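Next up: the structures, one after another.
Next come two complexes built around subunit A: one with subunit B, the other with subunit C.
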Partner chain A sequence: MQNILKELEAGSLDRPKRLKAAKKEGKKIIEYIGNFVPEEMIYAAGAEPYLMCRGGEPEPPDAVLEYMLRFMNPYARSLAGYHMLGLDPVTPVADLIVAQQLDCHIGRISEVMEYMELPIYKVGVPPDWKKDYTFDYYHKALLKLKDKLEKETGNEITEDKLLEEVKASNAINERLRKIDALRENTECPIGGTDFIKLNHYSFFNDTEYMVEALDKLIEKLETEEPKFAKGTPRILFAGHIVAVGDYVVPRLIEENGGFIAADFLDEGIRWYNWDVPVEGDIIKNIAETKFLVKTPVTLFQPAWRERVDYVMKLVEEKKIDAVVWYQLAFDEIYDMECTILAKNLGEAGIPFLKLESSYEYSREAMGPLRTRIESFIEAVKEAK
Partner chain B sequence: MNRDVCVEYLKYLAFTDEQIEEFMPKFEYAIPVLGLTEQDLRFSMDEWLPQNFDMQYEGVKKLMGATLRETVDIAYTTEYKKQGVKIVYGILPAIQTNYTAIKEAGGDGVFVSFADHWLLCGLQYLFHKVDPCLEKAEEEGMTYGCRHCALNKTRIGGYRKGMMAAPDVIWAWGFNCDEGPKTDEYINMLYGEGEWPHVISRLPHDTHWGEKDDEMVDRIEFLAKELKDGQREIEEIIGIEVKPEHMQRAVANCQRRAFKAGSLVQLVCKSNPQVLGANALTMFCNIFALPMNAGLEYFEDAVDTMLREGRKAMKEGVGVIEKDAPKLGCYFVPYAVPWIDRIFRDNGVAMTFSTVLTPNKKMMQAPSFEEPFMATAEQWLRMPIGQNMRYEIDSMIDKAKSNNVDGMVMGFFDFDRWLGAHQKMCAKIIEKETGIPHFYMESDFWEDRDYSPQALKTRIESICQVIKMRLEQ
Partner chain C sequence: MEENIFAGVDIGSTTSKAVLINDRREILSYAIQFTSFNRDKSGQDVFAKAMEKAGVDRKSVKYIVATGYGRRSLRIADDVVPEIVCHGKGTVELYPGTRTIIDIGGQDSKVIELDQNGIITKFEMNDKCAAGTGRFFEVLTERLLGVSMEELGPLSLESEKPCVISSMCTIFAESEIISFLSEGVKKEDISMGMNLSIARRIIAMGKAGRIMFAEPIVFSGGVAKNVGVKAAFEQLLKKKVDAIENPQNTGAFGAAIYAQGKYEKNKAD
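Let's look at the complex of A and B:
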């Protein structure tokens, strides 16, 4: 199993190199920010997509402070920060950066990037999603994106091509769901940290290759020794995002006696439980799946009733012992949601731990973080 | 509470005997609800107001009086509710007319106000005492460390402390930050669903650098739909129909008030010595921006009085700072933390206008659409805060130039992930393009627990020094 994971990791790390080679061959490189930007459309336009989602290091968020308010979340700040530090190999060669516009953090960071003369293109996502005309707005935003991509690449996004990409994407989702299902048994050969990484790898490896690799992995996992012992506390890991490279917190949970048996994240993860239907108007299907069908992201309004219900359902179905809420510093809406979740879980007697990160994992910060996780998991074990 | 102190306080705020008589029962009711004491009233009239505002003017006293009236009325909402009055709140920033039209339609049967704003202002602006509200919200989950907006905390804390009733409906224009509109959902989730009915109107920030938001017809159409839909929902919930004539009256009133506010800004910006401090000036400008249930006519009277007094002071060459003092514009003068303006003045520099509350040329033009919601939507998108950063910057440059300022101060919005996030960058760009020095101060518009006078004094002193040195060169 480890070999497959390593190969996938290497494939992800190697992606910028492959992109440069593709660019030389005349392909367009299109970066994108956020799950409301359909990667499938970029592939269907014959371009190479690249998800901007790095994080976990303190310097990039700090790099934008010359231009930006300190109290923005570090993930958003990193989007521009890596580029400003010269640590982003893809952005300088990107032909277009498609950024979803749903929240203020990404909104303002997109403007920093525009000021830096990066080729930003915005896809508006109205948060008040339960109105016909807001759905139309998002749907139209995707149709405009189609035009933009076609213009940029000179290739038409045909229904057939898009359908093919959607099917490939659904195929990855299906395999991730299979792996996710293994987590129903605590004596599981793969943990939540690796599962999150697999999601990340799926963004950076070619689709076909990814499907094959996941198939191989699933086969291996069937015979693999369990990584977690019976009785290990089953943790639901929830929050905004685990950025690519920001693995400290999930890793610490699993190194200190917990097992991430389920996740509930808005970004940096595939929405693998929600396949796009393959019949009918595909762009409309994509819009409907992301905007109307999937459990709403926290920025949507209303969202919290459905999200609390979803968490409760996960707790029950996945036999969760405790919830760890992973929050980025100054992420004000997630901070509010945390209070709501804590209240609801508290009333249901489910242990809850809030962890916050500013991507500062110095030795001084790691000690208390490890201790908090350790003692929380210890307490959950005792209560079991 | 000693009645004499109440009378003394109201007299200090230019209430007439007749007005005192009429207002006293509500005032006495509101004092304990708002957690005010005799000491607070004394502190307000003996120290806080005279130290921080130009209380020599009757107009400023009336401005404070109008603010007090509104705050007291908010404290009275629980009673109003019992009497069957429909309670409608809104949040800022928004356009006043859609709310005042509801008041025009509903009269005394409806209470319409931006309750969190006026509660915060009443408590902070008059008594420097909003902290208990903020602390209440923090205790109950709006964590201190996350830098949530004090206005939203006041909505939560004020409600939880019984200072304002739950509304029949709150109409949140979420066209700037995310937290403002999400706060209503938060209250609902935390304190019982259905507890805090709300209607939300949102608009994604998806125009590109320099695009003209107010000239994009599909954007105007979408926003008009949001507003129309919002208004329809409000009407259904409160059972009051807003007819075109109500809207027309609201628009006419708002235009008249905007004209008066504009005249006052011009007067203050032109006067030398400057006749009025920026704290009061900015607050006066709220007259065309924010709805009030009880305070608007008093507010207008305050503006009229101030215009008369300002003109007289100008004629007589009397000001609040010495002649030829350098002038600074501001993104938004932090009137709820009035000592900031005072420290500038103590250092011989005058703050003047706020770009946010100063109409730009386009805002003064007639709407391009007759349909009222299209016209309102266009008006919102003509406001710089409704635009993408580059387009907003163009408008800021225009205002900085036409108001002839020696410098601009940005900042004071460190809690605001939209209106506060970009100010550093705006400062850099505008300074580069105009040569007008821009300064950025990280601080809070609404409260001063994090940024004390001691903490900001040195920064303000050095800004003042730099401005003076540049002028001497």
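Let's look at the complex of A and C:
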């Protein structure tokens, strides 16, 4: 198992090199920010997509302070920060950066990138998701994105090509769901940290290769020794985002006696439970799946009822012992949802721990963070 | 038959504590000393002191659990347990039925909620700044007010009109206190103002974590020696707060109980 994970990690790290080679051959490199930007459309346009989702280091968020106040979440600030520090190998060669516009954090950082004369293209995602016109708006935004991608690449996004890409993406989802299903048994060979990493690898490895690797991994996992002992507290890891590289918190949970048996994150992870239907108008199907069918993201309004219900369903179905809520500094909307969720979980007798990160994992910050996690898991164990 | 002895060593940011207990969980000895930069040595030294006080040798100590900020540094420890859990365990053993623990140590403060079975259900901790911790008093007391830590509590109880210290930051609070002193405000009123400021901050921290400060409330940590802070909590919460008699040893005591439990479990396995 470890070998497959290492190969996938190497494939992810190698992606910028492959993109540069593809660019030399005339392919367009298109970076994108957020799950509301369908990478399938970028692939269908014959371009190479690259998800901007790096985080977990303190310097990049601080690098943008020259341009903005610090009251933006560190993930959003990192998006431009890595580029400003010269640590982003892809942005300098990107032909286009497609950024979803759903919250003020990404919105402001898109402006900063625009000011830095980066080729930003914005896809509007209205948060009032229950109103008819907002779905139409998002649907039209995807149709406009199609035009933009076709113009940028000179390639037509045909229904057939898009269908092929959606099927490939669904194939990855299907395999991730199989791996996720293994987590229903606590004596499981793969933990939540590796599962989150697998999701990340799926964004950076070629689709076909990823499907093959996941098949091999599933086969391997069937005979692999359990990584977690029976009785290990089953944790639902929920919240905003685990950016690529920001693995400290999930790692600490699993190193200190917890097992991330389920996840519910808005970004940085594939929405692997929601396949795009392959019959009919594919762009409309994509829009419907992301905007209407999938459990709404926190930033949608009002979404708390659906989200609380979904968490409670996960708690029941996945036999969750406790919930760890992971959000970033200055994520006010997540703060508000966290309060509601904590109340509901409290009434159901499910322990809840809120953790907030500013990507400051210094020695001094790590001690208290570890204490919180260790204490929480120890208390959950005692209560079991 | 030789008695089994278990040790809990709590290496805090300011002080290190060790407690030895026997099979009946009776405290045989307790030792405390300042924590140096070498946390392993601090832990070993305080453990040696506790053994000396109890008149026991190393061989009779069957299991050692380390806790506190420096718990991972103690090389002789058989296991480590986080301090929040140890505080909970130790306090409930000493004060059965405790539902809320307010613990203010040298560099951090915690509020812990327990259920009727003594299981921790919620906790909150302040770990990123000195405000709301023992260090807040250390910085502001002797140098500014010219009174010792021991005198501060009784002095503050004589306050008739506590001043309002609004700054949450130790550094800004220092400026505020200097201003009060230059205006001729009485030390008693400044002391009580400090107590109320720290209590207000810790209550807000707990409430942010949905801790309702259910009774019985037990106050532990070095700052629990300050009767003025206890009074401030009682005034603001409008509830009775019991300060622990030896407020600094609950973490080490809890660790010793864990040591006993782990030893017995290992033996049974």
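Just so we're on the same page, the second predicted complex is superposed on the first by the 384 of 384 C-alpha atoms of A that agree within 3 Å, B and C clash if a C-alpha of one lies under 4 Å from a C-alpha of the other, contacts with A are read in each partner's own complex, and residues count from 1 in each chain.
Please note the rule applied: a contact is a pair of C-beta atoms (placed from the backbone, for glycine too) under 8 Å apart; a residue touches a chain by one contact, two chains touch by 3 or more.
The shown structure was predicted, so the numbers you read here are calculated from the model rather than taken from an experiment.
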**Message:** As a test of reading the superposition: which chain, subunit B or subunit C, is in touch with more residues of subunit A?
**Reply:** B
**Message:** Just to be sure I read the superposition right, which of the two partners does A:S375 touch: subunit B = first, subunit C = second, or both, or neither?
**Reply:** second
**Prompt:** Can A:M68 be said to touch subunit B (first), subunit C (second), both, or neither?
**Reply:** first
**First (subunit B), second (subunit C), both or neither touched by A:P126** = first
**Message:** Looking at A:L102, would you say it contacts subunit B, subunit C, both, or neither? Reply first, second, both or neither.
**Reply:** first
**Item:** Touched partner set for A:K343, first subunit B, second subunit C, both or neither
**Value:** both
**Item:** Touching both subunit B and subunit C, residues of subunit A
**Value:** 342-343
**Message:** Residue numbers of subunit A touching subunit B in their complex, please.
**Reply:** 66-72, 101-105, 107-108, 111-112, 114-115, 120-128, 131, 133-134, 137, 141, 299, 301-305, 308, 329-333, 335-336, 339-340, 342-343
**Request:** Please name which positions on subunit C make contact with subunit A in the complex.
**Result:** 69, 81-85, 88, 108, 115, 119-123, 125, 127-128, 209-210
**Prompt:** Where on subunit A is subunit C touching in the complex?
**Reply:** 342-343, 346, 351, 354, 365, 367-368, 370-372, 374-376, 378-379, 382-383
**Item:** Sites on subunit B touched by subunit A in the complex
**Value:** 140-143, 146-148, 174, 177-179, 181-183, 185-186, 189-190, 193, 200-209, 222, 225-226, 229, 388-390, 414-415, 417-418, 420-425, 428-429, 442
